[in-house]
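Same chain, two partners: chain A is paired with chain B first, then with chain C.
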Partner chain A sequence: MGVFKDAAELYECIGGLFRRGAEHPEMGPKIRASKLIIKFQYTNPEAQLTIDAKNPPPEGMYFNVIEGENDLQADVTMSMEADVAHKFWFGKLNLVMALNRGMMRAKGPIAAILKLLPSIKPAYELYPQYLREIGKEDKIMG
Partner chain B sequence: MRGYHGRLLAVDLDRGTVEPVSLSEGYLRQYVGGSGLAARLYLDHIKEGTLRPDPLGGDNPFFVMTGPLTGTGVPAASRFTVAARSPLTGLWGEANVGGFFGPALKGAGYDGIVVTGKSPRPVYLVVEGGRASLEDAGELWGKDAYETDDLLRQRHGGQSLVIGPAGENLVSFAAVVHGKGHIAGRTGMGAVMGAKGLKAIVAKGSDLPQPADPVGLRALVRDMVSRMRENLGVQTFRAVGTLVGMDVGLHIGDVPIKNWSVGAWPGLEDLGSGPYSEQILVGQRSCHACPVACKRVVSAQYGGYRVERAHGPEYETCASFGSLLLIDDLQALACINDLANRLGMDTISCGATLAFALEAKERGLLPEMEGDWGDAAAVIELLRDIAMRRGIGDRLARGSRALSREIPGSEEFLTTVKGLEAPMHDARALHGMALAYATSVRGACHMSGLAYNVESGVAYLPEIGLGEEYDQRSAEGKARMVALSQDLGMVFGGSAVFCQLGAAGFDSGDLAAALHCVTGRQWSAEALLQAGERIWHLKRGLGNLYGLTAEDDRLPERLLRPLEDGPAAGSVPDLDRMLAEFYAIRSLGADGRATREKLAELNLEDLAELLYGGEE
Partner chain C sequence: MLPSFVDFTMRTRLVAGPGLVRELATELAGYERVLVISDAQLVKLGLVREVTEPLEAAGVDVVGVFSDVPPNSEVEVVMAGAGFARARQYDALVAVGGGSVIDTAKAINMVVATGQHLLDLQGLGVLDEPLGTLVAIPTTAGTGSEVTSHAVIKDAGTSAKLTFTSPHLAPDLAVIDPVMTRDLPPKLAASTGMDALTHAVEAYLSTNANPFTDALALEATRLIAQNFRRAVRERDEESRYGMLVASSLAGAAFNVALVGCVHAMAHACGGLYDVPHGVANAILLPWGLEFNREVAAERVDELGRAFGVEDGRQFIEAVSSLAAEGGLPTRLSEVGVPREGLEAVAEAAAVDGAVFTNPREAGAEDLLKLLERAF
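Here is the complex of A and B:
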């Protein structure tokens, strides 16, 4: 079995991270400024998270985070195994290698994807902090 | 052998003569072309002439060499090499560059050129339709590289290889410039041309050698281009050029900041591909037969300096003049890049030398240094002073190692290996690069092999045993990785001459297939690796001949000092372990020379004789 036992656990961990990101004073405005809809499609377990920075967000958040299938037209779609995503949010994935070897597949304008990279840097510190807060220390990568 | 003209143009500037000389088929088989063949021919020259020539003397032969794939239509293979003993390092020097000159030289009827001697007056060489002549360059001397290119294009058409004022004035890191933006920057080859009084080379023609299998070659080219379109790494270069290095580098701590002294700086985000596209990008260009078009075209203004639709700064330049000097203004960097290109200087060595001098000033060791961190206006003035050898510029023009030798205590923050300023990739983030820098045949270099591509994840080469995911912050397996990457890289990027960016998705099978279609000769992966090993030892041996020992296979203290902040904070490569393993793999003795037996195994007995002489 992978890191997450089911989609619900993935939504709790990675989805929770995204929601923290949506409130983050540094990350949030930068992603909001991109005005992109980014879909993350996961396998093992099957799940989908969407960051919607195009439509108005809820109060106190800079963008929407949507769990599961939806009808939004994505500008960028990233597909990967859930374990690959988990490693990525710890800053421990060799992103270049993952993209080149197809471990992570990207659909959409490459320049727009690269432009977002600096915005998500704080997430690498945020993710282990968040997992600790929700009692998921066992998922923290050393 | 098919794919070659089988001849070199020999230019003797002492006598003012030009004549064709035949290339040995045995050499073409063993060294393929490009810098590998240049190194072999260089050794033959110095054996018959001066063994240890002054890099700026007439007896230092200067080579311009194409590869068998140049001009064939094989994608990302337009590059050619310039090579000689380096005035910056004193060792074997080489730089390769793309554009259109390589195919034009091959079309003019030659596989390469060797220039010896010194002209009593400035000249330029014209090669066209198998003929060649030396022309008076009096009117061109003193003009910048772009003006010179324009004038030669008006006079002759074709493609030009030129030097700017920096080359004329023997700046140790002077570059050779082609097509107003394709720069053979490293190791000071522009100064070698300048010392010879050779302002430019013009090549024109379409007499390309017939490939051995034209039908097979066309099919192969179609297949390679198709795979390039599907390769995400290659498509990233197409989308944002080499600036992807900044986007990814700031995540892993690969971008050096403030003379490699700190690990984080807010300005870094302003230098990424996003701001670049928004602020200065107006188009993109390609090299001959390359569908990637990674070259950026920019327009910019800084102070009174304007750039109109010119070649834009690459990643290396955005780091060497940007993060290294704390300049986060892309308009300024585009202007600095344009000026450096026009003056004809390597932006890596130049930026690194300025960073070194600024730190020396900050520490009170070089009070006469002008400017400060983040001072783009001062950099523009300093570039002119360096190229014209004025004031402090005259001292900076000799490179940071030479300057450091005049400043006691400054070794602590020098960033050269074997005299060559380190490129803009931090070995504290990618530990294999520490070994790659320490053992590169031309000094600190990320392009002397494929190690950077392999360790960063751009290249995937399981067919030669380089298919694993390397832990970038570990010494584990890195000695083997670096040695194999050097071996394949010597042929792939050095001799063939593939572009390491555009051809990043290709492997040894693609290289072998392309060489087979063009030359008719079958290559296995093992044969390619052995040829690469031979070439690496040849270039290394030339270094040994010029005094290189094991003591030189070191990184400077600054590059191994742990950073206190940033993504690579606290990380230091275990260079001693990697070196010990590497020396065993390479059959290098404790003094840094390859064993006699190893050199004999690689058919380099003559080099062994020079290195060991009568030693038991």
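Here is the complex of A and C:
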């Protein structure tokens, strides 16, 4: 079995990280500025997260984080196994290799996504910290 | 030390030899109708005929020549080319041209096979199925596009350069023949040659390099050292052949290893100030090497030895004089980049895809320093 037992657990972990990102004083404004709608399509377990930096965000957040299917028109859609995503958020995934090997697919103007890479670096530290906080230490990658 | 994981692909069958375009029909046994993608200048110079006449003599129908490809191809051109192609029955596309023509043919192939608009095909790994047969016959020794799985097309509306990447984009066959570069003007021979050298150098220094790409990159570097000057000045067949082979070798290397900060800055100079790709690379390569030598001294030395000099320091000097001898500008100030524009170039380069495989981390501030020195 993979890292997450079901979609609910993925939403709690990665979705939770995204919500933290949406409140983050450094990452939040930079993602907001991109005005992108980015959909993440996960398999094993089947799940979907959307970052919506186009429409007005809720109070206290820089962008919307949406769990599950929705009708928003995504600028970029990223598809991957949930385990690949988990590894990515620890900063432990060689992105070039993952893309070359088809472990990750990106549909849309990828230059727009690459532009965001430098600004999401704080997430790599935030993720293990957050997992510890919610009692999911077992998922922290060494 | 060998990397713990190695991934190498070259999907394109490649044949090379002086006069080989005359034998294309042999390579295309079983194909009856081909459609040619090229540009008006190459038609005028008779280079398209070098390919089509022998094909027709061998009983292969040339069902059309789409010759509207501009130097920096655009989305509209691709869609028009796809319309042209759809209206004709063919079983193989033959691209005769430089990087822009070959990339356009890749994009047309993709639009025709998927039935989608080009703008909906951006991304990485978006194609599930192989496309139609594509043959690439380069008429410059530079881009390496005849063996890569990338295509770059400009969106005239936003003037953004769109990138398309998929293993299925790689041509099925590349035909390397120095006859096809016989009319290459010296300046273009020099700038495209410097592009090829930059591919070899950056692939060799890339964080994604592996023993296979290393071998290709070093041999490309060696061949460029031997042939560049003659291919620009005397333009004899042997040196032009050497440059074409070097360009494909470097293409196969960077197709896997990718490039680095020199390309990131060159893309930004091209996007913001229309500096020709090869010219920008030629100006920036010595500064990029200087910057990366801090973390990759041994590898830069190795490139120097392949180039026929003693070490990395001499290599950097040799690269600068090569560009100057080729008659190329050596400063950004000479090619229309204003000093007050350098910051914007640095910002754009810092988030260009190419910068992520540079051996030394390069943020906007580092790049700005390099750009100022190259100004």
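Throughout what follows, the second predicted complex is superposed on the first by the 142 of 142 C-alpha atoms of A that agree within 3 Å, B and C clash if a C-alpha of one lies under 4 Å from a C-alpha of the other, contacts with A are read in each partner's own complex, and residues count from 1 in each chain.
In this text, a residue touches a chain if its C-beta (ideal position, glycine included) is under 8 Å from a C-beta of that chain, and two chains touch if they have at least 3 such contacts.
Model, not experiment: these values are computed from the prediction.
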{"item": "Fit or clash between chain C and chain B when superposed on chain A", "value": "clash"}
{"item": "Touched partner set for A:91, first chain B, second chain C, both or neither", "value": "first"}
{"item": "Chain B versus chain C as contact partner of A:107, first or second or both or neither", "value": "second"}
{"item": "Partner chain in contact with A:121 - chain B first, chain C second, else both or neither", "value": "first"}
{"item": "Contacts of A:99 with chain B and chain C, given as first, second, both or neither", "value": "both"}
{"item": "On chain A, the residue positions that both chain B and chain C contact, one per complex", "value": "95-97, 99-101, 106, 109-111, 114-115, 117-118"}
{"item": "Residue numbers on chain C that touch chain A, as the complex places them", "value": "5, 7, 122-126, 160-163, 207-208, 256, 258, 350-353, 356-357, 363"}
{"item": "Of chain B, residues touching chain A in the complex", "value": "231-233, 235-236, 239-240, 244, 247-248, 250-251, 268-269, 272-274, 277, 456-458, 460, 469-470, 472, 505, 567"}
{"item": "Sites on chain A touched by chain C in the complex", "value": "76, 95-97, 99-102, 104-111, 114-115, 117-118"}
{"item": "Chain B-touching residues of chain A, taken from the complex the two chains share", "value": "91, 94-101, 106, 109-111, 114-115, 117-118, 121"}
